[in-house]
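By written order: A, B and C. Residues from 1 in each chain.
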Amino acid sequence: MMLSIEKIVKEYDGVCALNGVSMKVEKGRIKGLIGPNGSGKTTLFHLISGVERPSSGRIFFKGVDITYLPSHEISALGLGRTFQTIQTFGNMYVVDNIMAGMHLRLRGGFLSCGLWLPWVGRAEREALKRGKEILEFLGLLGRWEWSASQLSYGEQRLLELGRALALNPDLLLLDEPGAGLTPGEINQLSEKILKLKQEGITIFLIEHHMGMVMEISDEVAVLHNGELIAEGPPESIREDPNVKKVYLRGKNSSA
Amino acid sequence: MVEQSQRDFRKRDILYVVPLWLLHLILPNPVPHRKKDFQKRDVIYLLLILALPLILSNEHIHHIMVLAGINAILALGLSLFLGYAGQISLGHAAFFGIGTYTTAILTTRYGIPTVFAFWASGFLSALFAYLIGRPLLKLKGYFLALGTLGFGEIFLVFVKESYDLTGGVIGIFNIPLFSIAGFVFDTYLKQYYLVWGVLIVLLLFSKNLVRSKMGRALLAISASEEGAASIGVDVTKMKVGSFVIGAGFAGFAGNLYACIMSTANYETFSLNLSTLVVLMVILGGMGNLYGPIAGAIFITWVMDVLGSYMEYSLPIFGVILILLLIFFPEGFGTRLGMRFVYLISYFPRKRRRDEGKVK
Amino acid sequence: MNPFTYIPQLLISGITIGGAYALVALGFVTIARTTQIINFTQGEFVMLGGIITFSFLQAGLPYPFAILLAIGLVILIGILVQLLVIYPLRKTSILILIIATLGASLFFSNASAVVFGSLPKALPPLSGGRPFEVSGILISRQSLWVLGVTLLLLIILYLLSHRTLLGKAMEASSTDPLGAELSGISRNLMGLFAFGLSAGMGAIAGIFITPIYYTSFNSGTLLGLKGFVAAILGGWGKNSGAILGGFVLGVIESLSVAFIPSGYKDGIAFAILLIILYLRPKGILGSPFIDSRRW
């Protein structure tokens, strides 16, 4: 079991964003999380990655209780994530963004880095090599010397994915990786995600492109108003009456 | 992008490319952080610094450059915290003060050699920074500015009031000049090489720091704290670390100041100095190490020029500061560099555009 | 001397200076509630209020006239600060804004030394006559003036922010600048108004305390900072918090003289600040702002 969430509740000043959600993500699988806007998907990700604290409930990652751990310690356990609103480091080069993701894997503290002890330089060269490999995988190698803020929106999303990959994560949380991408780019992204799965990385993603989620996920969970209303393989979700109701109602009210 | 546009050359391009290339050797690097870390530019800077007092053999200029060097050490230390990690500190003068008073007290009361006092000053400043920074650096933005400022004010009050330790408002006099194993730095020229030697060593340290994982982590924090935490950067630890290193630098600067001016007086370490150091960093550019040093030289020089009209200099600084912020919010040095990149690629770009029109 | 004989006296002087802190704190809060900016020039408004009144008196103007003119002038300066410093920088980061207002503060304090001279100045008391004596404690008439004016301004501010459309517009412009702009509230106008208002309050504070405490070109910075400490102590972002914090800070500072050397008095406020920031950044009454990302 990679990730297990037990009865998570999150309240903001009396407004209940998540109401007793429990779910599990199994090792080596791709799990999709869908739901209308405001159903608590991103909140759930924030709780898992330690950006916010739940009001009650527990979260276990690889058997470790991470409910109240600070964000950076959770990532040290091997959890990488991307953000819904892009959080790339625009003040750095593209390749440095990826290398920043290797922070934990590189040796050296303030003193040894300042004195540039032998292993620091060695680690730095290896990091650069590995960074370029990741960029090649993402198809961004041609831009490795660009400033990250010069990249397009879709490229920045990819860059964020690359940064999370540099962590060597066991579990990747992807918050709407396909938002703002063209259909062609979404297909490429799906392929990349499937390739990551083959490499043994567990993936938990929020996505609005129904086609993409249904195609790549092994399992899909549906959140509505902070509650889990359906969970199962994509085919059964498609037929689920509850899900149909939620999505149809959403369409009616928006029309 | 620069490389791309330079690829197709014509002879007449030499006309502007050569002077621009020469300029590029001197001007600061436009982009904050680069892989190729030591370039021709660095050698030129180094030679310039070493040769400067020999070219301009004016005692007064030497003295100004000594002061500029001390200010530059202060600005360099703050640059890691302000320019790289993007956090504000308005208490930098206090760490400078701790360094100065540590040296003053150790050398005058206990007769400890200045070299030991040098290390003690740096260490004590860093220690204070750690103790202050641990609780304070949880704060952000305005509250952090205010907290550090509060520390600076408490330091001033303490120095003024504890007469037995610091000499109160009178200060401490007759601090021995800096000396290493009997070699006394007693002329402005010797002091120049002392201060700038220390500065170069500290600069190398900082440069290594910012080109390593630490520099990336600091820049990451200034771009997005959430993003930094998501890749496993311990945000508080990094902030405290850069704060402590900056304070350590300020401690060294304080020692040099004490051992060169031979006096320690509380008036030096007021909020005005903290603001000026921030100004040096902003002037030179955020996320840049050479900029703050250039800023320090510039401001020290302006202060000297305006020195005979002391009462006018501070209001003028206020105005300069605001104008700079309005017109160069990313820092004068950084902006200058970006202009330069634009310029160097302008003519090839224009030519390609014209050719495109013909086709 | 038995400490209990002079502690009530210290209490009175603490409450008096507390009134001034409260006014400065209110100035900070007014600007922050409207524009989400902390204006480090607030203390200079206080200093300018006192010093400009003084120089008008020197020029031979009658006292009430000098006061009104000085308040008007400082309000104008406040509006100019908004127009020339804050407005051009409205899109930059907090860091830049902090440093810019510090720059303005540097300018005002030292420019005032150039224009008005650097000697400390004192205004004559507003109303002559002997201090009142209540069971052996002397209460100067000026203290009553300070308290009365603080109370009056508090009431006016309360009515302004709770009973008028203008107050609501200012509040709206702070909580959601874009939304306010879309519903027809000009953010810049609100900013101008807030700066004018808090500059006026600063000037009033300056005028009323100058007869008790000397004012010189560099006294504004410290006073301003203490006012800010007061605002945080009471609960950042609340008018009631600013008032409470001002009086609490004034009293603590004043009473401290009984226990520690008086020179350390200026350090007290900042010691309190560090403790508050560390233990309870919300302040005594809690703060509506503290959770938002900016603080």
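Just so it is clear, a residue touches a chain if its C-beta (ideal position, glycine included) is under 8 Å from a C-beta of that chain, and two chains touch if they have at least 3 such contacts.
Because the structure is a prediction, the values reported are computed rather than measured.
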item	value
Labels of chains that are neighbours to chain B and to chain C	none
Central chain (distance from its CA mean to the mean of all protein CA atoms)	B
Centroid spacing, where centroids are CA-atom means, of chain B and chain C in whole angstrom	34
Mean-CA-position distance for chain C and chain A (Å)	48
CA centroid of chain A to CA centroid of chain B, Å	39
Multi-chain contact residues (two or more partners), chain C	none
In the complex, chain A residues that touch chain B	49-51, 70-72, 75-76, 80-81, 83, 87-93, 95-96, 99-104, 106, 108-110, 113-116, 120, 123-124, 127-128, 146-147, 160, 163-164, 166-167
Chain B residues within the chain A interface of the complex	1, 31-35, 205-206, 208-209, 211-214, 216-217, 219-220, 222-224, 226-235, 241, 245, 287
Contact footprint of chain B on chain C as seen in their complex	38, 84-85, 88-89, 92, 94-96, 98-100, 102-111, 113-114, 118, 221-222, 225, 228-229, 232, 261, 263-264, 266-267, 269-271, 273-274, 277-278, 281, 293-295
In the complex with chain C, residue positions of chain B that touch it	82, 86, 88, 90, 135-136, 139-143, 145-147, 149-151, 153-154, 157-158, 160-161, 271-272, 275, 278-279, 282, 311-312, 314-315, 317-319, 321-322, 325-326, 329
